[in-house]
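Two complexes follow with chain A in common, the first pairing it with chain B and the second with chain C.
Presenting the complex of A and B:
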């Protein structure tokens, strides 16, 4: 384990020193990667651990972004300590309201309804001109403040992002390894048997859904501070597609797979955009290629091998099992 | 009163389109147990093919319709047999992911081939005017659209209830395993149903070209509405799709007339209300459980 520890310390030091060696654009991109990594891991709580394929995860992301933007621009409140809890609370409330409809439904219904409800939030944001600014969104977001400090520099924002994304990843890591996380995986593997064992499947799913939306709102808030704006596009279905692509590219069967997927796609997007403007085509091809050629994602196979070594023998791949809920539900 | 009647007709026009889309979606689900997320995008592709063919033929809509169906039905069959069927063995998750990947690809593909602008076609000459319905004047083309959807519903009813193909389809839809045990080749049926469903969607997409405009975002916009329709009506049930289309189409028309900014919100309110009362949709049943 000595080498692993060493690599970890090296990684932590590199992450802490990064903003001092990087330029403005690299810092901006790094905050983006951190926000989207947290976004993708929160998404994978649903997909990988809960077997719930959501196509509406843009909704909590956008709710987080819009909450901090509205508080700052309409309420004059840009303190992280106020805006962030407000963003999380708003997304969790929305998750509770829509979750009551979506979590009791089987896989296919779940997927369709998440897409439909997310588009509802998009329709609200893009049409409700009086509050959300409609199509133009809410540009000109002031930098967030933390106590007496204003986090106006890219470096300060980077550290905020590192703190929030790191904290979020740590909390989610603990969650999936807690008894609750194991119960969640049991409901994914076999909802009926879990119900026989006394697990309240719908309640476990709802709790997961609400938690995932809460962390996605943190990611959305970070993203808005980094972009200094919130747009209806933040909520558009293509963002849900993007986070799904990140997650399966990295591997939904592994905890850190989505982080890798988020980093790759975030860095790839500006590079590819320089070559041609058809980002959604590239993303779609990535999704299709992963589905056919790399169904476990980049890190999924590795997680599988490790589980095999630990003696946690399972018939099929973890990713494959995520889909099996549909048939039994 | 007249205004309300006009809105009902407007709603039925849109319902006609929604039904052409959701009938295929719901039949495909019934037989194959997959939700085709690319259904709206395939309708959109059909619309672009129709636009392309019609523009070459001097704006003749009928040429466009024929071209859309002739291109999209084989494409649907090939898609099912070549890509979807092998993938189904891997799990439902991958099928959903794949059809969603198609959505992303097709959105940009039509942009690449036909540009990002809105596309539309003129109404054919003899349907260009308005038809009198008692005191009411309503575009003749829209009435034709409603009639086409009604005709399609009638044909589907006849095929499902009066033909051997329809009987096999209903059997697979009700209980796939038993139907297969009785010698029905469910997989081959799937390809046909998929092809026909895509054909209907393409027909719908092409038929609304003179009424709506079609842009690369069309696929997702309409598939979300088709989802709402089948969820409200009951997934896998054609009559549910018909009922859902009328309900959503008419709600949408009144929403546009009464609260123009939030017509979408009204549709979601209808969906939520139905799901509270009947979680499996108006005509749907809880799925068969089997482990």
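Presenting the complex of A and C:
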């Protein structure tokens, strides 16, 4: 235990000191990694814990980005304390409205419905020139403010991102280990049996959906502050696919797998882009390799091994014990 | 109690991931059809050249161009022009005795990708200046990055009037004409035609919408009797223009104005020919239709008699300077310079002149020199307006005609719309 504690403290110190040793671009990338890590973990709440394969998670991300951008550029309000709750509320409201329709369907129908709703939000953002700036988006976002401070430096924004992503990860970690989290996993494994046991499956799924959208909006707001803009491509379906790739690359069976996936893809992209022009080709190859060689993702196997060693039935993430066919044990 | 096993959703996830991976691969391959050539150009490979040996004293120019996707030919031609100028400058001893280094990054892949690429160039690679930018949509966001990172940026292609208008900031310069001047020039030509019913087929983003707005309002001003019977907008990268073509034909339009460009224009022309479009209407106008990036891929398929222009045209200036430029370019790349090649080439020389006049690469000093600066470019003397950093110049229009000599359609019956007619008062605040 001592070694793990030590590693954790070391990690925390490194995270806190990072902006003082890193350059501007590394700080920019770090904020992007933090935002996308939160985005991916919120997505994994749906996919890994709820068994809901959504292709519409770009929607809350974009809603978060557009809410803070619209408040700042059209309403002159760039306080984090106002913009962030507004972004979360907007996304959760949208989740509630669309969730009522999607959570009752399963499998491919769920996927298609989430995609359809997300594309509607995309159409709204890229068409409604008067409000959203259309396909140009909303560039020129001023830095956010927190009380008397304006977070204009990369370092200040990094700490805000660290706080929000850290808080979000902590809250989601608590959530998946709570009785609610266990119920959610039960509905994933066997919805019918859960219903017989008295679980209101649709309601559990809807609550999960709303929470996941809320945290995705926080990620989207962070992303917009970092980019100093909101673009329609934050809402496009390819972003939903990207977050899915991050989650699967890192390991949907592990709570922290998506964090690793988000970090890898965010850091690799500019690196690969520098090496050759076909960077999206290499990204695709990496995803395919991982799916074939490490179907549990990069961290999924680790979670499984640890659970096997410690006999921890309440291990991280979803039941990842491959093999035996006793699905309804 | 949690003895649960991986269920079906996981398999679905795995399948979806596979599909996703495959589609990423396919999209990369699909996009590479055209840029394949660009990976062999000196522009792309030249960037790595100086690498480790380059001391801190090199001058670094970061280039953003479309290297993949439907606009990739422009990225290729633009990078070629820039690289040629940089090699010439280095051969003559560089700028202030310092070598110039260029690095080209791909602008394609959405606005946020372009923003990240620009940040990478400036904050990571150390670019002191940014040159290029093809998409107007990207440019609107990138000018803000230039301001944030205090890095002068010379736009050589993106044509939205806004970046030298309402979104202007001191770091942004444009050394080519913008879409308003282009559209106004088209209106002057159109006003002389004996037709009254006009329609538009334009790209469905900032550039297409504002160009149509500028063209139709100017034409109405010059010819109050014209009518606008239809306006169509096709998504960027559209593969299928047939519904827009059919609608315009049904509208009874006699003339059609379009600012479709690059790969989109190639696709559009091919499909429109299938409809007999160019025989049914009396005039088709495109301010960027004379681009080499369009004429080369179409070859003999290019219809004759279209009214086209380009922001620089290699055959329009029979001067020693231009002939030398065209000849050097041709002997190096075995192609004729496109307008983006010329504008990129010119941008490098403008930076050289400004840095030498300022005596340093310091951003504010260089900006001060660039404001109101004139340069003798291959096409002639070009000046940047001090107030809004916009360049206005004479625009040459002509009619397309296939030429065996050049192996592509070229402009004939050329006529000049003087800069004075397409110049408008500054719209920026400073």
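What we mean here is this: the second predicted complex is superposed on the first by the 295 of 329 C-alpha atoms of A that agree within 3 Å, B and C clash if a C-alpha of one lies under 4 Å from a C-alpha of the other, contacts with A are read in each partner's own complex, and residues count from 1 in each chain.
Simple rule for what comes next: contacts are C-beta pairs under 8 Å (C-beta built on N, C-alpha and C of every residue); 3 or more make two chains touch, one makes a residue touch a chain.
Quantities reported herein were computed from a predicted structural model and do not represent experimental measurements.
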item: Contacts of A:105 with chain B and chain C, given as first, second, both or neither; value: first
item: Partner chain(s) touched by A:182 [first = chain B, second = chain C, both, neither]; value: second
item: First, second, both or neither for A:291, with chain B first and chain C second; value: both
item: Touch count on chain A, higher of chain B and chain C; value: C
item: Partner chain(s) touched by A:192 [first = chain B, second = chain C, both, neither]; value: first
item: Which of chain B and chain C A:281 touches, first, second, both or neither; value: both
item: Which superposed partner A:136 touches (first chain B, second chain C, both, neither); value: second
item: Touching partner for A:116 - first (chain B), second (chain C), both, neither; value: first
item: Chain B versus chain C as contact partner of A:233, first or second or both or neither; value: second
item: Chain B versus chain C as contact partner of A:124, first or second or both or neither; value: first
item: Residues of chain A at both interfaces, chain B in one complex, chain C in the other; value: 53, 107-108, 111, 129, 190, 238, 241, 244, 248, 278-281, 283-288, 290-291, 295, 319-320, 322, 324, 326-327, 329
item: Chain C-facing residues of chain A, complex; value: 23-25, 28, 32, 47, 51-53, 107-108, 111, 129, 134-137, 139-140, 182, 185-186, 188-190, 227-229, 231, 233-234, 236, 238, 241, 244-245, 248, 252-253, 269-270, 273-274, 276-281, 283-288, 290-291, 295, 313-314, 318-322, 324-327, 329
item: Chain B to chain A touching residues, read off their complex; value: 29, 33-35, 37, 87, 90-94, 96-98, 100-109, 111-112, 220, 224, 227-228, 230-231, 235, 261-262, 264-265, 268, 271-272, 275-276, 279, 287, 289-291
item: Contact set on chain A toward chain B in their complex; value: 53, 55, 101, 104-109, 111-113, 115-117, 119-120, 123-124, 127-129, 190, 192, 237-238, 241, 244, 248, 278-281, 283-288, 290-292, 295, 319-320, 322-324, 326-329
item: Touching residues on chain C, where the partner in the complex is chain A; value: 1-10, 12-14, 16-18, 20-29, 31-32, 35, 38-39, 44, 67-68, 105-106, 109-112, 115-117, 119-120, 122-124, 137, 140-141, 143-145, 148-149, 167, 204-206, 209
